[in-house]
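Could you have a look at this structure, given as structure tokens, before my questions?
Order of writing sets the labels: A, B, C and D. Residues in every chain begin at 1.
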């Protein structure tokens, strides 16, 4: 039940996964189109989603084509994510390394953390206006948290013996941080980055409530206002595809950086 | 011997007094900085009211109804909504995650479906939630459910996969049936992972709350904030954020307590 | 000058639930220059704590630890440590692990390369210079750790159960190699082990410790026996079969057992 | 209130199971009715007033009132049968008509004067003198709504096209926040947000729906299947709303006090002057006027014509692909049922 030859297992999983997706799509078609068990007004039929996709690809929807919306959102997510990395990881490392810094910063961090992106939108608008800054701010807020937490946990999980060993070889604090603490935290930092990236994408819809001209979040918001289920599904799929693609890219980077890790 | 921090994080443990002094200093810096910015006139009050103004607003909202209810009623409405949605996520996510860990076929069926909706924001479900479940309770609950379901499922699944295969084998050699193995080996073995997953999921579920209050209104912190914004009352908006922050913090602290209790009981440190 | 001197050392730990725990009671020990001293004792007798104090990773509650006539104030490259868990940095290659201390010291590149190559050769690591630790067996990893200690040309070597994590065969091979190495590069060595056999075979003097509280029960000089029987010119298995060796072993065993019986 | 919602929810649930049995109730045994409205909006006021005045009970109605923050979720919830009757904006009403068979059975009020493009006082003269100066400027608006329809018509009178401007889509509360911090040249707002903008931000009207010839009513709506199964209940509901409209016209002072409570419940702090303006700026229609406005005796009714323009707009912006003809979803059958029933008629006329 728990073992098996790896390649065979992979093939099987791939096969079952593909079959499941096909089965769900078929069930969807049957329920909405074949038999009309479900009212197509509540769950759009595949043909309606297809038509919505055609519409947004050819004629555009909410002011632009799907491609333009996606590129715009990608830009926003990239910026929010980048700012989260640049601010979150050093803060997490600092809090992990120094218990004093932890005691100083952590309570505030814990108090601000549960406030969702959506709740910041009124302030984002009055502080940053309707430009991209406000949207990047909202994305940063959510992407920031996993970056901090995982960098923090990463430092705390570095084997103290490694630090002791480096010390006995005459390493200075800076050398210990550079050669032991940071590489030792890297696996968890990457876990955090993956969560941050996911958070960035899931916050996009909220971020684009800050008066967006383009973007997948705007597509979803307008489709929601128009009660256009086909387009809502198109928007959701587009966000999911962008999220999966960027996560895959991050995975490539991770494999390069963590090449020293035992292949699992 | 002066600097004993040479071992880094593992080497230093703060004294109780020093810890609380630093915590206090952190709060002082945060609120003091806020107060200074608010009072300096750099930010007008409708952009950033001072902490004192927010406090006064809180006291007022506590005693006088705003948007139809006093603050405590908004709080309880939000908490009730959250608890229901979260309970459903836990009730479905954890058993499903355990079963996925135990039956590989279920894992293979669900994982691709699950992966494909992971990136979709809870907020994106708002229009569909209203369409599918209306407002009675269903719509708002779906949003919280979507927000908190994933960590429940993943943590139970990971927990089940991390159970020592030898424990399972030992139970099998003692003649335990599948059901008994799940009950006596799998669930307790997965417990530490489940508990930490509960913490994460409660946090995320609470964060979806404001989104859920976009579907139907009446009472709730999110509603309070939107109405405050409609009145150009940033102090009310921040008062709502304070409530969300404090309750979220309390939920986290409570679940941390549960986590610590379990760790002690199961002899992990 | 690199003798290690413990003078009236005690160590108490604060317990998490309050109260103090006396780990080491007033202990005096002097390890002469180029002397190989092994400490044996049951778990919890404080032998590792003694070594960590010499390394500068911990400090005595009262008394003092001096190496080469200077009080120990922290870790330093002149006192190399070999840890039981190898403590190799998983993200650095064999070459980088061995050269880490040299890099910290700022040794010129060519000089460092030559030193690394010398110890790679000596420890039988040739061909593995660019491997990552997880690609090596436990025995090979411990060779890297020992090479890393020697390459610093330390005045004192502190070894904390260096072979504890190895299987029985590898362990014997490593013990022989250590003897060979110690003869070619004599150093002041403090060697912690719970294997009586290992202590008797390797050390000039064996210090027997008991616990509750941790203190020295007896110190036994092995040198007369080893020199008179010329152990070093014979294979390890033959040495360990000699009646003089087994007698010495059981003498130490009895000491340990008697002490434990008192506690029980 | 909270408890009422909870109890109401539970009761609604049990009613759903027991509905067929209770189908023909009498005023003695009040019948459950799920009503949807939005908070703090004048067009919804009759529903609140009826509760305060005890009219529901008189009509044998046990109401469960659900508040929605905006039209789209309200209309979407109709698809999930979350409510039976309600009052909503005209844009969501057309949307609901085209997607979920929502029927319009009356007009709660005319909001043409309270769907307004507003500007800062200092900008007014300049823009009036030269509307073309708006080119490339930002307009903050809730898109695909009535105020967007007003924007469309106002731009036509200015000789501008939508593409000449940067249209920023924001919810009403967010427009207020953004406009108050200097964002945008024009803000598209409806009541009661216009008063907040006027009183606290010094904003002034540039162009309203009535200025531009765009009539934006708000609609009294019902789910089609509920109307077919319970025409009597729908008539009682509409009669109650009409009574509220009639009563407000003749009891201004008392109505103002009641409105104050209604707006406070919805979280809107509003000045007495603005409350008065709410009544003054909203033309409302009693039973007789309704019958006239919705009469199709000589071709399309007045109301039909109002909706043709709006529907064309919604089709143009892509909200509704092929909007149905007004005759499909606007019906005066409930009005005629009231007119034909002396008791209901007298009730609706507040006699």
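Just so it is clear, a contact is a pair of C-beta atoms (placed from the backbone, for glycine too) under 8 Å apart; a residue touches a chain by one contact, two chains touch by 3 or more.
From a predicted model like this one, the values you see are computed outputs, not experimental measurements.
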Requested in this report: Just grab the chain with the largest centre-to-centre distance to subunit A, centres being mean Cα coordinates.
Outcome: C
Query - Highest C-beta pair count, chain pair - result: A-B
**Report entry** Centre-of-Cα separation between subunit D and subunit A, whole angstrom
**Finding:** 39
Report task. Round to the nearest whole Å and give the separation of the Cα centres of subunit A and subunit C. Result -> 49
Report summary line: Whole-Å distance, C-alpha centre of subunit B to that of subunit D, is 37
Report task. Report the inter-chain centroid distance for subunit A and subunit B in whole angstrom, where each centroid is the mean of the CA atoms. Result -> 17
Query - Touching two or more other chains - residue numbers and ranges from subunit A - result: 41-42, 122, 126, 164, 167, 224, 227
Requested in this report: Indicate the residues of subunit D shared as contacts by at least two other chains.
Outcome: 72, 76, 79-80, 171, 173-174, 177, 180-181
Query raised in the report: Got the subunit B residues that touch at least 2 other chains?
Result: 6-7, 46-47, 126-127, 131-132, 228-229
Requested in this report: Quick one: which bits of subunit B touch subunit D in the complex? Just the residue numbers, please.
Outcome: 46-47, 65-69, 73, 76-77, 126-127, 130-139, 213-219, 223-224, 226-233
Report summary line: Listed in rising order, subunit A residues that touch subunit B in their complex are 1-3, 12-13, 16-18, 20-21, 24, 41-43, 96-100, 103-108, 110-120, 122-123, 126-127, 155-156, 158, 160, 163-164, 167, 173, 176, 181, 198, 201-206, 220, 223-224, 227, 229, 232, 235-236, 239-240, 242-244
Query raised in the report: subunit C touches which residues of subunit A in the complex?
Result: 159, 161-162, 164-172, 175, 179-180, 183-184, 186, 258, 260-262
Requested in this report: Using the touch rule from the top, collect the residues of subunit D that touch subunit A in their complex.
Outcome: 72, 75-76, 79-80, 95, 99-100, 138, 140, 143-145, 166, 168-171, 173-174, 177-178, 180-184, 318-320
Report task. Spell out the residues on subunit B that touch subunit A in their complex, using ranges where they run on. Result -> 5-14, 18-19, 22-23, 25-27, 29-30, 46-48, 102, 104-105, 107-113, 115-124, 126-128, 131-132, 165, 168, 203, 206-211, 222, 225, 228-229, 234, 237-238, 240-241, 244-249, 251-252
